[in-house]
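Before I ask anything, here is the structure I am working with.
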Amino acid sequence: MAIDMRVDLAGVSLPNPLVLASGIWGSVAGTLVRAASNGAGAVTSKSCSLAPRIGHPNPTVLHWGHGFINAVGLSNPGAHVQRQELARAHEELAPTGAALIASVFGDTPQGFADAVHVIAEAEPELVELNISCPNVESEFGRPFALDPDAAARATEAVRAVYAGPLLVKLSPNAPELVAVARAVVAAGADGLTAVNTLGPGMLIDLEARRPILSNRVGGISGPALRPVAVRCVFELAGAVAVPIIGTGGVSSGHDALEMIMAGATAVGIGSGLYCEGDGIFRRVLEEMEQWMEQEAVDSLDEIRGCAHG
Amino acid sequence: MGEAIYRTYRVVARRSEGSVGATLILDGPLQAEPGQFVMVWLPGIEERPLAVMDDDPLALTVRVVGPFTRALAACAPGDRLWVRGPYGRGFPVRGEQALLVGGGSGVASLTLLAKRLMQENGHVRVALGARSSDQLMLPWRFRELGCELLLATDDGSEGLRGTVLDAAEPSLSAGWADVVCACGPEVMLLALARRMEGSDVPLYLSLERSMKCGLGICGNCYCGNRLVCLDGPVFPVQEVLCLLEPPP
Amino acid sequence: MAIDMRVDLAGVSLPNPLVLASGIWGSVAGTLVRAASNGAGAVTSKSCSLAPRIGHPNPTVLHWGHGFINAVGLSNPGAHVQRQELARAHEELAPTGAALIASVFGDTPQGFADAVHVIAEAEPELVELNISCPNVESEFGRPFALDPDAAARATEAVRAVYAGPLLVKLSPNAPELVAVARAVVAAGADGLTAVNTLGPGMLIDLEARRPILSNRVGGISGPALRPVAVRCVFELAGAVAVPIIGTGGVSSGHDALEMIMAGATAVGIGSGLYCEGDGIFRRVLEEMEQWMEQEAVDSLDEIRGCAHG
Amino acid sequence: MGEAIYRTYRVVARRSEGSVGATLILDGPLQAEPGQFVMVWLPGIEERPLAVMDDDPLALTVRVVGPFTRALAACAPGDRLWVRGPYGRGFPVRGEQALLVGGGSGVASLTLLAKRLMQENGHVRVALGARSSDQLMLPWRFRELGCELLLATDDGSEGLRGTVLDAAEPSLSAGWADVVCACGPEVMLLALARRMEGSDVPLYLSLERSMKCGLGICGNCYCGNRLVCLDGPVFPVQEVLCLLEPPP
């Protein structure tokens, strides 16, 4: 029997559970559609704000052996330009069956709402609120995702202007992660993405005798993040009833299934595109299917959240 | 100690490239394919992609266009550079009669290719263009390697008066080359690609895009559905023809 | 000129900056003295409480490819037994010149004080308060290290019964790390150890369909932790004047020097003993010296904290 | 998929070992040196070290002493085991006339050694001891391998009446062996070591300690200044003689 990999993510049907994570491969139609053509069940655009942002100077993204560290600084062309690109992406994605998730951020709850208002015109299947970027802290203060109230306010503000499927992206650095999740769900989130980058961390160059990233600190992603991301998804799935995109360090079928067993509905992949590019989507899907066949598991529903015992 | 992100080099020699830039010879090798690039970091300034002009020792050629390239071109012997890479897919080393076409800082992408081709006993013709004689980059290097040089300047101050395409034209129309490799401003690449449309001589183009990671992650270097750092910077013309930016 | 690697850690002179981290190689004189004989400048015993603790059942310690995850559950024989072993260790360490750091924890401020009171009789050169173990949360509630007030209370309680050099070990998971550090320094800490394990994280076994650790979650150490640990040390060194043992993912001279440049006085090594055993101490020292020679750096003081610019 | 911590096996066959335990033959191989051990996890129960009794297919022999070993010995064909390893330093495979001395579950550490020695055309004598005949472990395996068996039981129900040392004594006093390898209760190891004091025949002892990580990190398996999982479980007698626990 063929294995059915389709999943329902907050009312949106995805051909498979793999999601290109936000900030990976940017926000242009070309690369988003390419990832979908090569197997992603959904693609997330890079987070965009109402006004354009240049981001931090280089170095901004480094591979340090166990994953990436990045402080891109949320560079983006602004919601008005992004809307056009995403509208094109939306159109070109249709034949692939993959959903478009538009990631948005703001510096205030109203900022979130304003950006979503513009981006929504591109008709993405879902909107994701990035309340958890750790790389602009000096500019904006602590991320919303560390505080249940702040997180809820951003979610509410968006809910007031946008009726479609809404995800909120959480931080692995939140000491009260479950409280934040409950707050955003109460405020109207239809699902969660867990997680954004960890830390932040820092790398120092010995010869330069200074931090390498121009922002000095940056968020950790990739393999180093995986066990923490799995724990976050496990905690969240045990606490809230909405679907979760489990993201963080996934680079194999094993890792994706681990996220599903922790309770994720879909699985985000970002740093995993390193070296392999978007070929990772098909490989991970094949590895998942192979394991499911071996273990006589017919559908992901059968194992979703099973690690909760 | 394997944990450092960058390999540090010191500048051993600096040679100015006409009036527009400089070549820096560094104090150690870097194994690279021709056409690959490195990310060069100047702490406190910026990090940018640069072609591997030569591999042993590593050498870089920089054309001044902004703050980073200005700082880099100002480096003196003894100064340090931070390098990661090489990254990307380079030129195939093939062809018995290769025509290389370079403009601007793109010329630096072609020197290592010329060296490899000469090592394999190929014949290499190099067409270089610039606004005027004192802006020509790296002709000395191709001469050193024993390549045949075809020069063109807008003002006729060296070689023929015209563009680099004019310099390449006789070889193209004579069907001399069995492979053509080019790097330079996109309008030049586009013109070359159009000139060669219908020809069955393979044409490889090396593209430049602004980069952040150089590692195929951030998406900054997109060109249509391609990422220049991951899929390129060298592409067979078919892959990118429709993606090249037309002249403004 | 020979490079002088000695450091002063809260008034205690160490022959070199490398410190065996707590919980690694246990708490018996045999292994502690062995690590010192093979190059550690100080050795930290496994955290001990007043009453003995069995800890969690296995699996408790796993290597997952980018470091360890552990939930040992603070197993220890209790302060009275530990005191005897540490007294012996103290005596046998004397010829090596290495300092003994006795790690202690408690479930209340008074619990800390009671355990330190007993352990102090073994005359360790320093006492380290482990207020940051993430693996007993379900038992004790949130670690003291996440809250400046709680952290200060534990420190104060110990300060009241112990006059010697006192370190407090902080958590990379504290959202207000600097506030915690300021609080414990104000409460009498002479130095900080940064950091304990990260997360916690979780690994799930696909075939077992459950978390692997019997405690389900465990703290992350080793390479995956390094950039976060460096950032913590950097932040702390910029905020407080006391010496710091920079701990987390160090496995090479490069990593140790990175910690020093971030502002650490000494450098802890734990997971780094994987594969290589205590041979790591000499290798790291040699790599440090080699770099210092190359860069004409005569002493660690010359580069300590230099990444702050 | 390379991320799994454990390799899972299924039990293919179960064979009881006298009245005290069982041998489990699993459904795949595990490359290991003789004397190395694996960590075996039974989800929901515990994880414990066990010797690699055989390598292809992997086989384990368990002696029931507590909850984990009880659960493991109760496994039936088709049941799953979770295995990581192998870990530790094993026995050197050397000697033309090797005497192996085993007691209790320690016998399982010696079978793979016997197999390797026989493969190298060595002569292998195996002294096994137990309280009584029905507690002898793995004699069938050594017979299968073609080793010479020297049995002893406390009650004389099989082999000579006495300890495993009594069974080994004739070979020891005849100077038959050019290497002696042993695993079993520490009092037995200590007695053997004392018996052989002054002899220049190399003696290797495999020790058992309670373990958490099996990886040389947690310190749980210390024996003096040694870690059994990292430095052992097999040690030349000189390294551990003074560390062995005397009989209570």
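Per-chain residue numbering starts at 1, and chain names A, B, C and D are given in the order in which the chains are listed.
One rule holds for everything that comes next: contacts are C-beta pairs under 8 Å (C-beta built on N, C-alpha and C of every residue); 3 or more make two chains touch, one makes a residue touch a chain.
Just so it is clear, the structure is predicted and the values come from calculations on it, not from any experiment.
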{"item": "Contact distance in steps, from chain B to chain D", "value": "2"}
{"item": "Set of chains adjacent to chain A and to chain D", "value": "C"}
{"item": "Inter-centroid spacing, chain D versus chain C (mean Cα positions, whole Å)", "value": "37"}
{"item": "Euclidean distance of C-alpha centroids - chain B vs chain C, Å", "value": "50"}
{"item": "Interchain centroid distance [CA atoms averaged], chain A/chain C, Å", "value": "34"}
{"item": "Multi-chain contact sites of chain A, meaning residues that touch two or more partners", "value": "64-65, 203, 206-207, 210, 254, 258, 291"}
{"item": "Touching two or more other chains - residue numbers and ranges from chain D", "value": "3-4"}
{"item": "All chain pairs that touch each other", "value": "A-B, A-C, A-D, B-C, C-D"}
{"item": "Residues of chain C defined as touching chain D within the complex", "value": "23-28, 30-31, 33-34, 46, 57-65, 68, 70, 72, 203, 205-208, 210, 212, 270-271, 273-275, 277"}
{"item": "Of all residues in chain D, those that touch chain A in their complex", "value": "1-4"}
{"item": "Of all residues in chain A, those that touch chain D in their complex", "value": "251-255, 258, 287, 291"}
{"item": "Complex interface listing, chain C residues touching chain A", "value": "64-67, 69, 142, 146, 173-175, 198-204, 206-207, 209-211, 216-217, 220, 223-228, 230-231, 234, 254, 257-258, 261-262, 291, 295, 303, 306-307, 309"}
{"item": "In the complex with chain A, residue positions of chain B that touch it", "value": "3-6, 8, 39, 41, 43-44, 46-48, 80, 82, 212-213, 215-220, 222-227, 230-231"}
